[in-house]
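Two complexes come next, and they have one chain in common, subunit A, joined by subunit B in the first and subunit C in the second.
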Partner chain A sequence: MTRISGKYLAKRLVVSYLTLLLIMTLLFALIRSAPGTFIDSMISPEMTRAQVERIREVWGLNEPLWKQYLNFMINYQTGEFGRSPTWRVPVWDLILRRMPRTLILFGASYIIAYLVGPLVGMYLGWWRGTQKDKTIFGTSLMVYSMPAFWLAWLFIWFFDYEMGWLPSAYMMTQFPEFEWTAFTVMTDVLTHIALPLISLSCIGWVGAMLIMRPSMNNVVDEGYVFLARAKGLDERTVMIKHAARNALIPVATGAIVGLAFLIDGAVITEAVFTWPGMGQILVEAVLNNDYPVTQAAFFMLAVLVVGMRLITDIAYTYLDPRIKFGEEN
Partner chain B sequence: MSDDSMNDSRRRFLKASGAGAVALTLAGCSDGGNSGDGQSTGNDSSSETENDTPAQNTTDPNEVTRGGTFTVGMDQQPKGINPLSTSSAYSWSILDFVYCWGTTIDPVNFNVNPSAYTEWTVENAEGDDASPDVYFNVRDGLTFSDGEDLTVEDVIFTYNYMMEKKPGRYVSAMEPVETVEEADNDWDVHMKLAQPIGTYDSTQLQVPLLPKHVWENVDDYQAYQPQENGGPIGAGPGEITTYSPDTAIEVTFRDEAPLQNLQWLKDHENLLAGGPFIDSVRFKIYGSQSALTQAFLNGEIDTLYSSIETSKVEQVQNTEGMSIVKGYDTGYAHYSFNLRRTPLDDTTFRQVLGFAYDDIYWTQQLQRGYVQEGDFVMPPGYSAVRPDAGGDGELLTGAATQAFTFRGVDASSSEVNVEGIRQFLTDGQVVTGESGSFVGMDYPGSLTDVSAGQSEAKHDYTFGPVESSVLQDADVDQEIRVNGETITSMNDGPLQMLIYPAKDSPKAAQMVERYVNNLRSVGIPIERKVMTFNTMLNAVYANEEFDIFPMSWSSLSPFGASSLYSLFHSDNADDHSEDNTDTLLNNPMGYGLFEDASADDLISQCRTEMDTETRNNLAKQAVEQIYLDFPTMINSYSQVQWPVNSGKWTGFVGNIPGPGDSYLGTNINQVHLKDSGN
Partner chain C sequence: MTLLEVNDLSIRYAVEDADVHAVDNANFTVDSGETYGLVGESGCGKTTLAKSILHLLDSNGYIESGEMWFDGTLPQWEDGNGNPRKEIIDDDRYPVRADGMTNLAELSDSQIRDIRWREVALIPQSAMNALNPVYKVGDQIVEAILRHEPQTTKREADERARDLLERVGIDPERADDYAHEFSGGMKQRAVIAMAMACNPSLLIADEPTTALDVIIQDRILEELEQIQEEFGVSILVISHDISVMAEICDRMAVMYGGKIMERGTRDDIFRETANPYTLGLKNSFPTITQKQQQLVSIPGSPPHLRDPDPGCRFRKRCPFAVEDCERSHPPMYDVASVEETGRLQEAMDDRRHGSACYRTDELDEIRTKAMKEETWKETATQSH
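Showing the complex of A and B:
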């Protein structure tokens, strides 16, 4: 059964596109309002004024601002991100090299967080007020209050420095003394991802749980739950199929918002675990006023969030049969 | 401990530290394994120095255990491996092994020795209008890492390519070169210079040699990616065999390294010929300084690039199998002033900025004695060109080097001598080079018989009621007037001191707070402006938008001439004339552009002088002239603390400038396994 009309989908696509244009405009304005310019990192005291001017020319900074804006908008819509003045390579190369690593780590932690969090939230919401609820809720709030980097260092200290069980740096062994095979690659990545993943997941799932628990609690007394019980369905079915499904909608919204924090979280975690992803390079890019890399990273994030927002709207209709977008009554 | 109670003892320490610096003979190899004994904190630095003074190297290179892989950790990834477009020190720590140079500087005695060039000479270098002819021969038998021979053609191509493309790193070296071509006499190559350059053998002859067959096809050198074209290809001892710039890089050494087996190395008392003795060197990049330091302490890497953070020095020294190799700064940290702006255009006012800087607070309290108090624009390791070297053994501590040291209300106080400084200003005094007493301290007179460009103040200084808003909240009773006007009304704002974000440099932020408060207490309106390094680089060097800025120089020339010319000659200060587009931006202070603040004559003479001793004396004079004119305040020289895995490796060369960064290559060429069992 179609719950989204083609017309509505087209409308949403146009709105998403306009949202992206607006974000790009904001990005252009915000980054240029920061002190300095992105050629700062290219200027060396051992240059002549003519050479500095030449660099400004090459990077288009001698153009009027409106023209820079126009070039930026056109280039970004055609996927042309330019070259990084810091690393002297095309920005796409940097993104293609680093983004998958970030997605592997944060994708995994994101999946764990949104699998475990709603599940625990569902149980706690269903059994709200019990001793079990109070204990788990209290403990998870304590974990949630811990700074992520502090917890990460604690894990590194114990699992790597003290016990030597797990490596705390890189995504794979550098200069391995073993042969790379499909099996060794897999086990090596798994052992390297373990610590950052544990430290991210330890905190990450609580956010989802904190949304799911009250949401679940709100639906516990709904009529359709009462009806399901009256139909003689077992408690587990009522909880999962009838209550939890409706309670998931705020969690889905939270999950989209959570996407925006992928890169945010990457900045600290990747630095602590020497995980060679986008977060690490984004910090350096911002510090070096490397506009091309900074803009591209945030643009990619915007595309991700706007795209996921669209997908979520579609997902809503399947989560809650009452939601219909764009259908004529 | 209060500031006051610490000052007296710390002033005494400064002298001890300086005396230690005298003992820092540039004398060679140290076994890292022996250097950890008897060392504690920076408060004992003079004795550390003695313990670290290495013995002559008597090891037979044939008995050295060869093999193994030495691993260096870095906290930043290199910014590319294109030798013409990168000036990143991290990149060059790798490229140093890939390329070879015409000549090489001995890090122990600073002699210029043969490398890819076997011998050289200069003719027609006498007279002011001379256009010298430099001739040199290129060594036979050198090969690039792709198997091609290094030929005279490659050498000539390298110079002409650099002269045509003008990559920033080599602009200065290529600027006086008119032509480079095949010689029409018994020599291989003829280089025509536009003027005599006394240090031509360490500047013009010291460029990385490029393979013509690779670079002749490269039009846009900045966009060229050597790693995508089977490179970088050079005639150095190593080639890059692993290049994952985000995480790991490996340089594998070739079987033959002829440039490491030259006669001067065989004759050297402190260096071993025949290296590198290891199979390869690996560079691992870590996400943060903490992760890097911990990786070293855990034994994952054998050393880290440059110094270890001072709080970890003691831990390294107390850990078995780990040692600290000490070394000198190859530059200095400074605050520099914009001489184009009033009242910074006046030597009197600039010298006062030195009196208010609490060097004891910086060197002892904040840096825990791991830096030395600064004075001249040449670090203590480059003693041949320091005015205080060679005579009475008072390097760094002689009274003539203390002319602009902090002025407290008394010798042991951290409270700035407000009244003394104000009187210095209102009297219009200048420390000219003549002996005298200035703000409560005696000055014995210039060491090299030079005088400051000004003999009296340029402006009329008075003090009156506080008007500037930045001084309203300060504990100050009077504000300075320059020719009857407050600085704030004269310049549409107070003086601005550029600083780095406190999170990047917390100690520097603390120091600046103290410094600004001291200046405000004198009645000078000044405020801080925070910016990142790169932004500051642009503001200072490209736009000259600053009053006072802090930065550091490293890898200065031990011969003085080229560094003095680059940093303090008016040729490298933008005079903003319309037709001037080819001036380097090295000298943003504008020193040399003004008759009363210039060492141009001395620097020019020094640069063109061919006789070493005369040149060094001219350099010393220029250095002291700059000291007295005070366009820049040298606040400290670092004391390098390079940590190494001495349990496994030996052969480290200590007591040289930058043993873990500028001269990392020297150490990699020397390091070897302790024994075959390792």
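Showing the complex of A and C:
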């Protein structure tokens, strides 16, 4: 039984595409309205007027704005992101190199957050009102209210500065003295990812827990939970198969919002840990008025969020059979 | 033959600083193949009593004292014929007595889980919401079968589930549907089908008709009767609706404030009504069979049961209350022998018609007065 019709899926894809076009337009408008252009850093006082004109010409800044917009829209839809004036490489290369690093760190912390959060939320909701619930809930709220960068500093101070257990910057050792094998590289990356991952995960899971706990709380008194118990199922099965399965539905919605927040945190966390990902070049690109990179970086984040939304919508129909998309009644 | 024998059962709910006496010294017996009713207003303890049989009380509820002897035991204590083995009966560590009955009150949490559904199935009050919205209806029946009969294959269980649905008048194809695709009556019937999945000897139906419209109500009652005929299952039905009880019960107990006020056969209760509370309850429900002038409700509301005083639970709303009623709650009197001898005589056999009222020996006068509307109005003015 398919719960999602092809027609609906097509409609959703078109809407997602239009959303991206809209975001691109906004992006273009926002970036062009910032003061200065990226060639400011290429111009020195000794240059002649003609030289400056030439630079403008080369980077296409002499075209009328509507033409620039049109070029931008066409190029992006054909996968052409242009060259970065700051890094002097094709933007696409830059993204290909940077994006996986961001995805590794934030993908991992996202997975941890949405594994741990709902799991803890499930138990707390099940044990509602008990001492255990109050203690864990109180502690996690305290952690949740700490600024992520501040917690990151604490970790850096303790694990790196005081104890020297874990490195606090970069993705790898900068001038390695060890032999270059798959194993050593792997361990090296793992020790480097540890601190940023821990400080992201410490806070990230609480959001998911905050949705799961009351959601679980709402279902524990449902008739089907009682019936599951009356059927002779053990408490574990009742909790996981009957209660938590239903309580998860709102968590799926929270996961999309959570994704946006994680990306939001990427900029700060990457800066704190000198993590060479997208967040880092985004900051630099904005400061340098590097249009191509700024546009591309924001565009990629937009693709990620819009894409995730689409996936979550489809996942929803499997999570909750009451939801049917695209069925006409 | 006795299927369930409840002796002096008391159930409490622990609240902040007190105990709620939800059920107090309840005695009754359910026979094999019969329909037994528990009737009373909301909050009288009937649902609590039913849930306690399977240890399904809320977390602050507990069985204070009493026994629940049940003809059926744990799978691991059974011999080949489904009776408890001799060494289990002889061993004092097991709550199984000489006649093979098991005391459900003494089973541990994991033990009672093997009784649930396999021996005693319970259709909860909110049967409409009892189906899990995220699983197919058929799969939920299969789950119950596989839980208690792990040797059954999934395919066999699935076939049985479809067969059960068909028996309650649901197209077996609908086993692949979800609960939200069922109507209210269908959900109720699906839960009845699910209850029969493991062929239990006792089916507890808690307010089986309450949320349904009158026509569906009637069909569900028919369904229950048909199921009983087909499977030979005993039904313990709980309802506040005395007319539902009149329709399907062989015997019944009328509860008020955690106490059984009157018990007996359907005819005992409806034709030989002996307790002031039952008389009042009867007045407040319409009947089709008898000509009745007007519905008269019992003034006031049920007692709170939080550390209750020793007097009769019903006395504050009872138009026939006397001084004795203040002192202690009346014991169960044997109505027939009281009428015969004119003297109050306590009931020894809980199958006989019994009434908990100190004025059981003045029955004629009470019955006549209870017919009159003014009788019930007077209490209202008295109590204010």
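FYI, the second predicted complex is superposed on the first by the 324 of 329 C-alpha atoms of A that agree within 3 Å, B and C clash if a C-alpha of one lies under 4 Å from a C-alpha of the other, contacts with A are read in each partner's own complex, and residues count from 1 in each chain.
Just so we're on the same page, contacts are C-beta pairs under 8 Å (C-beta built on N, C-alpha and C of every residue); 3 or more make two chains touch, one makes a residue touch a chain.
Source: prediction; values computed, not measured.
> In the superposed model built on subunit A, check whether subunit B and subunit C fit or clash.
Fit - subunit B and subunit C, as placed by superposing on subunit A, sit side by side.
> Of the two partner chains, subunit B (first) and subunit C (second), which one does A:Phe273 touch, if any: first, second, both, or neither?
A:Phe273 sits against subunit B, while subunit C stays out of touch.
> Could you tell me the angle at the CA centre of subunit A between the CA centres of subunit B and subunit C, given to the nearest 10 degrees?
The angle comes out at 150 degrees.
> Just to be sure I read the superposition right, which of the two partners does A:Arg245 touch: subunit B = first, subunit C = second, or both, or neither?
In the superposition, A:Arg245 touches subunit C alone.
> On the A-aligned overlay, A:Gly223 touches which partner chain: subunit B = first, subunit C = second, or both, or neither?
In the superposed model, A:Gly223 contacts subunit C only, not subunit B.
> Can you tell me whether subunit B or subunit C touches more residues on subunit A?
After superposing on chain A, more of subunit A is contacted by B.
> Just checking: does A:Lys231 make contact with subunit B only, subunit C only, both, or neither of them? Give me first, second, both or neither.
second
> Kindly classify A:Leu96 by the partners it touches after superposition: subunit B alone (first), subunit C alone (second), both, or neither?
neither
> State whether A:Val185 touches subunit B only (first), subunit C only (second), both chains, or neither.
After superposition on chain A, A:Val185 lies in contact with neither partner.
> For the combined overlay, can you note the least CA distance between subunit B and subunit C, rounded to whole Å?
Closest C-alpha pair between subunit B and subunit C: 48 Å.
> What residues of subunit A sit close enough to touch subunit B in their complex?
Per the stated touch rule, the residues are 35-37, 39-41, 43-53, 83, 86-89, 97-98, 156, 160-161, 168-171, 174-175, 270-276, 280-281, 284, 287-289.
> Could you pull out which subunit C residues touch subunit A in their complex?
Subunit C reaches subunit A through residues 54, 56, 110, 113-118, 121-122, 124, 126-134, 143-144, 147-148, 176, 178, 180, 191, 194.
> If we count contacts the way the header does, which residues on subunit B are in touch with subunit A in the complex?
Touching subunit A from subunit B are residues 69, 76, 79-80, 82, 85-87, 166, 168-169, 171-172, 222-223, 225, 242, 244-248, 250, 282, 284-288, 290-291, 294-295, 298, 300, 531-532, 534-535, 537-539, 541-542, 566, 574, 580-586, 588.
> So in the complex, which bits of subunit A are touching subunit C?
Per the stated touch rule, the residues are 1, 222-224, 226-234, 242, 245-246, 319-322.
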